[in-house]
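Below, each structure is written out as structure tokens.
One chain, subunit A, links the two complexes that follow: it is found with subunit B in the first and with subunit C in the second.
== the complex of A and B ==
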């Protein structure tokens, strides 16, 4: 019994230790220590290293986590503490081995940066807590102690008394909420939802002119991703086509606006608004051309083909072949700014433009979803064969989904190009497609709030947390894995509408048409 | 106009070397309840799939009101008024019951995506009509109040009914039911049997069903065709099929006919 416990907690400690080793190898510990240091008010200059005490704070937090997660749900307090202790010791052991190697490297002044780019001497120094050889036993002691404390913390916080305390607070909040809702007048209850929307709308309209151009840039990007994600959701969430090449459609919109509004290479200068429409049409055409050959493909095959499509478009834009036409690797520069009744656009007007485009996209999306077309798409996604036997022309509707989704992507691309006044092949990499895909999946398929939330989480936060920039892919991957485990249906999963209620009401109206009319007359 | 709603002439379909359906002839009079029976693997479902357009038969014709429909796209065949259900219930399980029926109404609706985007008057009218129609259909199959449940949350018997409601939404003239009573208890089976009769009598739909439950088959069928190893071995009224020696042999193996006769004699004696 005891042996089993020790074995499992040893395994957990080992995993945590190895993970930490890998994090150190990619310099992640420096970043965390920097963030902690900034949070505690000691600024660290870019490129400089934080003080070792912040590294200790990181290690303490990590050790507490090790101890906490090693403790099982059931069992005696003594065994629980033992679990935390053993896990902490194992992690400490791993760190000691690792620390010894690093210390050896430090002593012999061996530079391994040729193989492990991030492992500089200063990085090693910080890992050894600026104590050189003494740092190794300190690591062991720290891990063991924090593992034990973590275990104790888990025991304490999961005990009955603490749980009861939380439950008390919860029920208190629920009670208060009930009492408040009872006192509220009826119209607030009835129209409360719309009131909140109104407040949000006002805030949304106020913000762009107040919070500076950097925020406008960041949240504009979020908005563009919402539009892109709506486009992808029509393809993926509604009609069930696993499309990874949305960056290509995005590029078509962007390049249309760019080429028609830049002095080089063509000097057409058509103006923003008509070229935005042309961009959408070009994207639709692209969707159509992509759609025709892939109608018979499904699942993984479809994913591979669309992925290839995205890459082909990017490589074409990059190639010598089209340099004269699209500007090649240099991209298209000096894109003319749109004018709205004579006034040129600045960052605030772009923010408003994006808000309007987003609102229109959401509005149109809802209309599409709750229609014959939307339901046909959903049917195709759920079971293509049955959908066909129900009389749905599957190819036609799949193509339609690709085209309409492409129009949204083209819209986002056009605004994107004009806002940056530049677009090049590097704006339309595979990463864009994968980002949009992640937004839809992390946020929640077929759920607009989910998509907005996902855009904020995956586009807005990384921009705001500049520290993470280097490790964005790491955090990204971790987040995706975590989401798939914890909430496979997304941050804000979609729900189906209550149509029977609506239909039954309609039926009643029809059963008693005279009453309805009389009421109408009275009201008049 | 032919007096038969659907007619199969020497229909064959093989998978590799296996002749799943071998030169099967079938004629189904309008307004009848017709059954196809046979042991497992006899090719009943394959034949069904040929009728509904999932498979294209290699040889032979399928005539619907005298016009050939073999090889036509499935959605076209559905549009002509042939609906079907499936051996294992195949609903759009992540959608609500109402949405399932609304999808079934697809052929009866005309609006396109532009109407949906603009909410044209046509869209409003049709939306209202569809909702009402769907509610009516749910009530007809006894699913009122379950409309806003997700399909996979419904109990098994109701899922089968929902599948029928979805098929009925297409306003079919021929309804293909693939083992409608599979996995049901006695009470549910009786209900479904009554319900099938009601479909024929009230809605005047011709019904073709595959069924294993002999009580159901003998109780409601006007005609029966028996398949075995892809070939038709017998055809006729329930009484004729019951006493057909080839049918009994197909079910019970060689010598089965004699055995059955022995038991029938014994029963007669006991009754006397």
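== the complex of A and C ==
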């Protein structure tokens, strides 16, 4: 029994130690120490290194986490403490080995930055807490102690008394809420939700003119991703077609607006509004052309064909073949700004435009989802054969989904090009498609609040947290994996329950249930 | 639309694709033949030696693609998922080989020469073998952990979920490599005996065509690895177990096969092949950076689809075919060399439309496709 406990907590400690070594190798510890020092009010100059004491704070927090997560739910207090201690000691052991190597590098003045970029001498110094060789045992002591404390903390906070305290608070809040709702008149209960929406809307409408152009830019980015994700959700979430090439449709909208409003390749100068409509139509045409030949493909094959389609469009935009027509790798510059009753657009008006476009998209999405068409899409997604047997024209509805989704993508692309006054092949890479896909998946498929939350989390937060910029994509990738492991239905799942998913994920016993696996495959 | 009961099939909305697809295919075929005719018989700008050069480069690249494609096919055959992070495993293998060459280059061998010979120049054979071993081992280990962390918990989830997880893992590995080893493009330090550009010279119509040593090494090794893999899958017990798991997991488990272990080993094998491909890519193209695995990864998936996914000889054939098309296609069709990726993708789309099971693939049931 004891041996088992020690083995599992040793493994946990080892994993945590290796993760910390990896974080040090990519200089993540310096970023965290800088952030901690900022939080505590000590400003660190850009490019300078934070003081070692903030590194110690980081290490203490990390060690507490190690101890906390090593403690299992069952068992006696003594074994739990032992688990925390062993995990902390193992982490400390890994850190000692790593620290000794770093100390050796420091003493011999060996510069390994040619191979491991992040490992500069100042970085090593901070890892050794500015103590040189003494830092190595300090690391061991620190992580053993914090592991023990983390374990103790976990034991304490999960104990009956604390749990009872929390439960009391919870039930108190619930009781209060019930009492208040009982006293409120009925119309408040009925329309209170809308009142909150109204307040939110008013705040949203007030904000763009107040919060400066940078925030408007970020907000616009989030809004455009919401529109794109709604387009993708119609293809993926409603009709079940796995599309990865949405960047191509986005590019069609963007390039239509750009080419019809820029003096350089053609000098058409049609004006923004008609060209936005044309952009949407071009995207619809693109969706149709893509959709016709691939109607019969499903699942992964569809994904890879649409991915190839997106790449083809990008390569063509980048190539010499179309340089005269689309400006080649340089893109289209100096796109004329739209006018609204004679006044040219600025960042605030773009924010309003995006709000309006977003509102219209969301409205259309809800209308579509609850219409006959939306139900037909859902039927196709759940089971194509049954849908066909009930008299749904599968090809027609699938094409319709592609075209409507494409129209949303074209809309987003048109606004994007005009707002940036520039568009080029690099705005329409595979990354855009994958970002949109991640927004839909992370936010929650078929759920508008989820999509909004997802685009804010994946597009807005990284723009606002500039410190994290270097690590943005790394964190993004780890987050995607983690989300899929921990919460595959998304941050804010749709209210229409996906019974299949629950059926396939909830079952722990019988390893390979044949039918459910089949259903899982059908799901996409 | 239907007036009489026994009328011949009419063009209804249901069967438009039956009419659309042949027309589309004929148009594409006609265009390709016309371009070929123009280039080969009307313009005649390319001499035989250029064709031979392109053929050689196509074979070499094709071998690498084939090795990577086998990894996709093995995993797809068993788990029905696109291992999107496979390209990153290739990148990890390339980096491992790079570090080994750097290490062997920095060790000096005791000799009378001045400047002193480095280990990699003195014993090129040993260092190349070591580089391949290290590259394959590290890539195999990373494939193992990739499966264990990112895919195994999602074994029973709907198909979309592991794919997203794979995309996330791909991002993570790419950016981890970028942060660890910096985004700069690094030169692969080949041993001097097989430096890039050196090779045997062929004379064709009084023009010199160089067959590089790295190219021959790459091609020969990829063929050897493919044959070895084929024998392993067909003859050994592990291969038999792999085939059993691929065809039916439940029954395989009932027959006493440890399905999880077989899946792990599949990832290890595909990772090892990807690592070898990565070292080859580095040796032949001479550069390595964090993005090096991405494009070969997607191309190799294309190759796997071309040959019929889930089918090992199909992946080999598809890889070779794709390499040849990429090398010969732009010249043969008389279009810019920038568009070689477009040719590869367009051919993949066409194959998927007309023969979704690929060149060699068996006719898959609907839910597999």
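In the analysis below, the second predicted complex is superposed on the first by the 495 of 524 C-alpha atoms of A that agree within 3 Å, B and C clash if a C-alpha of one lies under 4 Å from a C-alpha of the other, contacts with A are read in each partner's own complex, and residues count from 1 in each chain.
Rule of thumb we're sticking to: a residue touches a chain if its C-beta (ideal position, glycine included) is under 8 Å from a C-beta of that chain, and two chains touch if they have at least 3 such contacts.
Note that this is a predicted model, so its numbers are computed, not measured.
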{"item": "Subunit A residues touched - subunit C or subunit B, whichever exceeds", "value": "C"}
{"item": "First (subunit B), second (subunit C), both or neither touched by A:375", "value": "first"}
{"item": "Which superposed partner A:25 touches (first subunit B, second subunit C, both, neither)", "value": "second"}
{"item": "First, second, both or neither for A:393, with subunit B first and subunit C second", "value": "both"}
{"item": "Contacts of A:235 with subunit B and subunit C, given as first, second, both or neither", "value": "neither"}
{"item": "First (subunit B), second (subunit C), both or neither touched by A:383", "value": "first"}
{"item": "First, second, both or neither for A:367, with subunit B first and subunit C second", "value": "first"}
{"item": "Partner chain in contact with A:404 - subunit B first, subunit C second, else both or neither", "value": "first"}
{"item": "Partner chain in contact with A:292 - subunit B first, subunit C second, else both or neither", "value": "second"}
{"item": "Those residues of subunit A which subunit B touches in one complex and subunit C touches in the other", "value": "393, 500-501, 504, 507"}
{"item": "Touching residues on subunit B, where the partner in the complex is subunit A", "value": "52-54, 73-75, 78-79, 83-84, 86, 90, 92-99, 102-104, 106-107, 109, 111-113, 115-117, 119, 123, 126-128, 130-132, 134-136, 138, 145, 147-148, 150, 166, 170"}
{"item": "Residues on subunit C engaged by subunit A in the complex (per definition of touch)", "value": "13-14, 16-17, 20-21, 24, 76, 80-82, 99, 102, 149-150, 153-154, 156-165, 167-176, 179-182, 249-250, 253, 259, 298, 301-302, 305, 335-336, 338-339, 341-342, 345-346, 348-349, 352-353, 356, 366-369"}
{"item": "Residue ranges of subunit A touching subunit B (in the complex, touch as defined)", "value": "364, 367-368, 371-376, 378-379, 382-383, 385-394, 400, 404, 496-504, 506-507, 510"}
{"item": "Subunit A residues within the subunit C interface of the complex", "value": "22, 25-27, 115-118, 242, 292-301, 303-305, 307-309, 311-312, 315-316, 318-321, 393, 395-396, 434, 437-438, 441, 470-471, 473-474, 476-485, 488, 500-501, 504-505, 507, 511-514, 516-518, 520-524"}
